[in-house]
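What follows is chain A paired twice: with chain B in the first complex and chain C in the second.
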Partner chain A sequence: MPQSVIFTFPRLGDYHIVIKSFLREIVPAAHVIVPPPVTQKTLDLGSRYSPDFICSPFKVTLGNYLEGLEQGANVLLQTGMGCRFGYYGEVQEQILRDLGYDFQFLCFSCGQARLDRVYAAMKRLNPSLNPAQFAHALLAGAKKIHMMDKFNRYMRENMAFEKAQGSFLRLQSNLYEALQKTNNISLLHQTSGAIFAAMNKIPLETPQRPLRVGVVGDLYTLMEPSSNFYLENELIKQGISVSRMMSVSFLFLRSNARSLRGAQGYLKYTVGANGVDSVCQCKRYAQMGFDGIVHMKSFGCTPEINATPALQRLSRDYKIPILHLSFDTQTSETGVQTRIEAFSDMLAMKRKAQAASAAPAFGKGERSVGNA
Partner chain B sequence: MIIGIPKGLLYYRYEALWRSFFHTLKIETLVSQNTDYGLMAEGIRNTADESCLPAKIYLGHVRSLAGKCDYILVPRFDGTGKNEKLCERFFGMYDTVKNTFPGVRLLDYNLSSKGLHSEARGFVEMGARLGKHPFVSLFAYNQAKKTQKEQQAAQVRRQKKRLAAEGAKILLVSQPYVIHDTQLGKPLLQILKDLNITPVFSDDCDAAECVKASRKISKQLYWSMNKESIGSIPLLQNQVDGVILLTAYPCGTDSLVNEMVMRKVRDIPVIQILLDEQQGEAGLQTRLESFADIIAKR
Partner chain C sequence: MHERTRVFLGVDVGSISTKGVIINNENEVLSSDYIWTEGNPIEATKQLIRSLQSGLDDGVAVTAVGVTGSARKLVGAMLGAQVTKNEITAHAVGTLSRYPQARTILEIGGQDSKLILLDGGVVVDYAMNTLCAAGTGAFLSSQAKRLGVRVEDMGAIALTSQSPSKIAARCTVFAESDMIHKAQTGHKKEDLIAGLCHAVAANYLNNLAKGKRLREPVVFQGGVSKNAGVVRAFEEETGFEILVDPNSHLMGAVGAAILAKEAGEESEFDFHITDVFFSTVAHECEGCSNRCEVVSFLKDGEVMDLWGNRCPKGAAVRHAADCAQRER
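Let's turn to the complex of A and B:
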């Protein structure tokens, strides 16, 4: 290596914490540049050099790379599969090369998304890397991802009802701090015990039947909160319990066959990427009696568009309102906010109407207030 | 019994195979009419607004067949092997149609790269649903395959003839369901004809050769139909005067692949023309005329 390795990679939610410590462990000599949080500047940079009608994750991640390269990064990481996402890498690399940047592009997409390929690539950067070290880093990473996902899932569902404002966020920052500090697995186990015990002790004032909303959609828009204008936080502010199954742990553990079984009656085949998961999760939320569902995707996301007719039929059959939102770099935050407020108002009104019509002795009085 | 075949999307790729298969089985087929404005509008009414235009048109074709036949053929494709995939649109076409028109009876087969979903098996299963013995279906499938090969050979011959023509020639790189559609590609062909330009079609090339040649533009590309279309550029770039990348809004695969082509293909004039549902012909005419001027000047 003539020059020192400086990694950068696209942002996805808070997972940069895990990726950073993973890279630091397997290539100790390297610097890791965590791309700055996505801002309008990121979007402007990314869209300036992107094709016209590509989905927004392409533009945002390209913006991430550009910001990382400006800070001196020289090794870029990318992965992807399932849809267009798998082809991002080659096109992004070409765009960046045409702009005159000098860098090494490590793309683990589709057939390349295998641990042995990752190992081989990292071995080239750090010749003293051995399989045991690599396996340890992987295990520590997996443990961290699991802890993050478990905590954040509980937090989304209960944060609306915390007694003392900010208790969840405080604990979350404690957790992230602990994750950054160590790669030692037994220490991580200890931390995880302490954090989850504290999490379960956070005092809550949960109403007897809280409003519950499920969030489904494409993986990037769901997991990178800046791409959906922090929609989940908005819902939580309205006093709603938010459930989202999508996470990195979910992506590792999901199976097409299982999701297809869950989507029975609405899909016969898989429809690409996570489309089938959206339908499966939506059906599950409907059966669990959720009040509403938000279906989010980036503009033009083919798998999610394939899932849309099935979701619309589900909405009719189960009388569950679904808010379909599509995001791209031009989407206005105010517009989204208005729609979310209207949606949560509508859910609250529907609940009231149900309560009113359930009071007389006859039946449940299922009433639909229509689809959003 | 009548099987309806919507004249959209993969019809242009598998027409010979499908028609010949049902013909050998002595089952009547009904192909929907050519796309016109009304049919397109009907399709747009019935699809999610972000679907690509050819998919909207396809739904219009399905709608126009509903009630006129016993089954409508809506197959599901994901690919034929590792690194040989189709656009995700085709993954979900069956379920999209099924959920949009729940009352319509569909006939489907699955062409998948996973498991044992070879094309032959798909056709045998389809035959079984129509009450045909597997051997009969298999025979019909083999016949159909032969017809398909003959048709492909005829296309390659047609290509040679076009390449031998005098005057300016333009290579049209496009999905077959865009360029051959009467509503999408035909106005463009008419303008080219008026300009005395011979169109050369990317889907008339030998598919296997194209796939191989496409590696000159992109190595990681895994969409078969895009490999076939862009592979025609390195194959033919010395025999034509210009290249038109014709795409329909918002095509998922072309959005990336055409970007790659425009960045990699440097020694021949290339333009991208994007068709949408509101297109006016005046804009198309201007762009084609100026492109023709550029070619003439070279």
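Let's turn to the complex of A and C:
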């Protein structure tokens, strides 16, 4: 390598913490530029150079690259999977080349998304890399992802009920700090023990039957909070326990066959990318008696559009309301807020009415009527 | 003076029109008005408040205020409202006070349309139009202008039609060109207007109501419900009887007033608000590349509220104070 390696990659939630330390371990001489948080500037840059009708994650991640390149990055990373996302890499690379940037583009999408390919590519950047080192970095990365996902999942479900505001966020930043500090696996195990012990001790005031909402949809819109205007936080602020099965851990462990089994009665064939997961997860939430579902997708996301009729049928069969939201770079935040507000109002009023009709004084049995 | 009756003010500030009602404890409308917003919600609200006041007798005191509609934040701050609620909840609450047994609410306003499904007096599902204003009041008014009739008269004209023209309902742009084409081939004006009313109903049912099961009783409201042509079109398209309340255009405001009444916080509303000078200053915060558009809301030059900033960066707050200085 004539010049020193400077990595950059698209942002996805908080996972840049793990990606950065992973890259630092396998290519110690390299710099890693984490693109700045997604702002209006990212969207403007990305949309300016993207095809108008492409899904919004393409635009945002292109914006990430541009901001990373501006800061001097010269090695770009991308992955991709079973929808248009599978072609992001090739198209983004071409766009950036046409703009005149000089960089190396490492795309591990679809058939290339294999560990041996990653190893070979990294070996070229760092000839002294050996398999044991690589395996260690992978294990440390996997451990960190697992810790993050486990913590964040618990946080989403319980943060609405914390006694002292900010307890969860404080612990989360402790966790992130610890994750950045070390790649030592036994140290990570120690941290993990301490953090989760502290997490379970956070005092909560959970009502007896809290309102619970599950979020399903395409992976990017779900995991990058700026792309959905921090919808989960909005729901949490309204006192709702938010559940989301989607995470990077989930993506590594998922299988279409399993999801299809879970979506039985609603889907016979796969519908692309995470469409099957949306249906499967929605059905699980419905069976678990959740109060509502939010289905989020980037505008024009074909797999999620394919999943929508199945979701609508689930909504009818289980009488569970589903809020469908589409996001793109033009979506108005006010519009989304109005819909979320109305959704949580609806859930709360429904719950109140149920409580009233359960009380003997009312006893009209309104809920059993209908469906004729 | 202590024995004045408690009454409640509800205001619905939409993109096209501003609606207001004053209701009593029994949810009966004592005073109401409906005026055009004309892009100036503050002025429209002042005018509305003046008109509501003149319709009121001395023996009452407004003790709570509720605001809804797309300018609810602004007007809520202006009126010191107890309740600022989204349109969906407000409409549902308003309608349920008139039709407790309603199962479906069709609502078509100036720029947006909503579908609310209820069961046992509770909202169980809703939908709102997203990207496109096809099939809303704005579409009807622009077509009325093109045909040289008043939008208020469209309904009556549509009802005189013997054979409504078939007009493509999928998209406003196509509907418009389709209508022009039909006009040029000699279709009568009343048939065109009836066709437009059908296009609105069909567009609504194909978009918002897609995948949802409508049940009777069906209540239709919002400005467009005043158009008898669209009401008939809905009846023909769905086969249901469509209920339209005499106050169907005011349901959002009624709902906001009821929510204010039930909020449990009361303080007397001062009608002198119409003499106060309100203004807003928009400014692009340069604290980071998000460049939030921060709006400061000023009352007689004093900052009352501030919104639009995504982070607690001091710049925005300081700016507001600067604005206050300058206005003075």
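Here, the second predicted complex is superposed on the first by the 359 of 372 C-alpha atoms of A that agree within 3 Å, B and C clash if a C-alpha of one lies under 4 Å from a C-alpha of the other, contacts with A are read in each partner's own complex, and residues count from 1 in each chain.
Operating definition for what follows: a contact is a pair of C-beta atoms (placed from the backbone, for glycine too) under 8 Å apart; a residue touches a chain by one contact, two chains touch by 3 or more.
Quick caveat: nothing in here was measured; it's all calculated off a predicted structure.
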Partner chain(s) touched by A:166 [first = chain B, second = chain C, both, neither]: neither
Contacts of A:321 with chain B and chain C, given as first, second, both or neither: second
Touched partner set for A:100, first chain B, second chain C, both or neither: neither
First, second, both or neither for A:269, with chain B first and chain C second: first
First (chain B), second (chain C), both or neither touched by A:40: second
Contacts of A:303 with chain B and chain C, given as first, second, both or neither: first
Partner chain(s) touched by A:342 [first = chain B, second = chain C, both, neither]: second
First (chain B), second (chain C), both or neither touched by A:203: neither
First (chain B), second (chain C), both or neither touched by A:357: second
Contact breadth on chain A, by residue count: chain C or chain B: B
Chain A positions touched by chain B in one structure and by chain C in the second: 308-309, 312, 326
Complex interface listing, chain B residues touching chain A: 48, 50-51, 76, 78, 82-83, 87-89, 91-96, 98-100, 102, 108, 110, 218-223, 249-253, 255-260, 263-264, 274
Touching residues (chain side chain C, partner chain A) in the complex: 70, 85-89, 119-126, 128, 130, 211-213, 215, 288-291
Touching residues (chain side chain A, partner chain B) in the complex: 51-54, 58, 83-84, 86-91, 94-95, 98, 107, 109-111, 266-273, 275, 299-303, 305-310, 312-313, 326
Chain C-touching residues of chain A, taken from the complex the two chains share: 36, 39-42, 308-309, 312, 315-316, 319, 321, 326, 334-335, 338-339, 341-342, 345-346, 349-350, 353, 357, 364, 366-367, 369-370
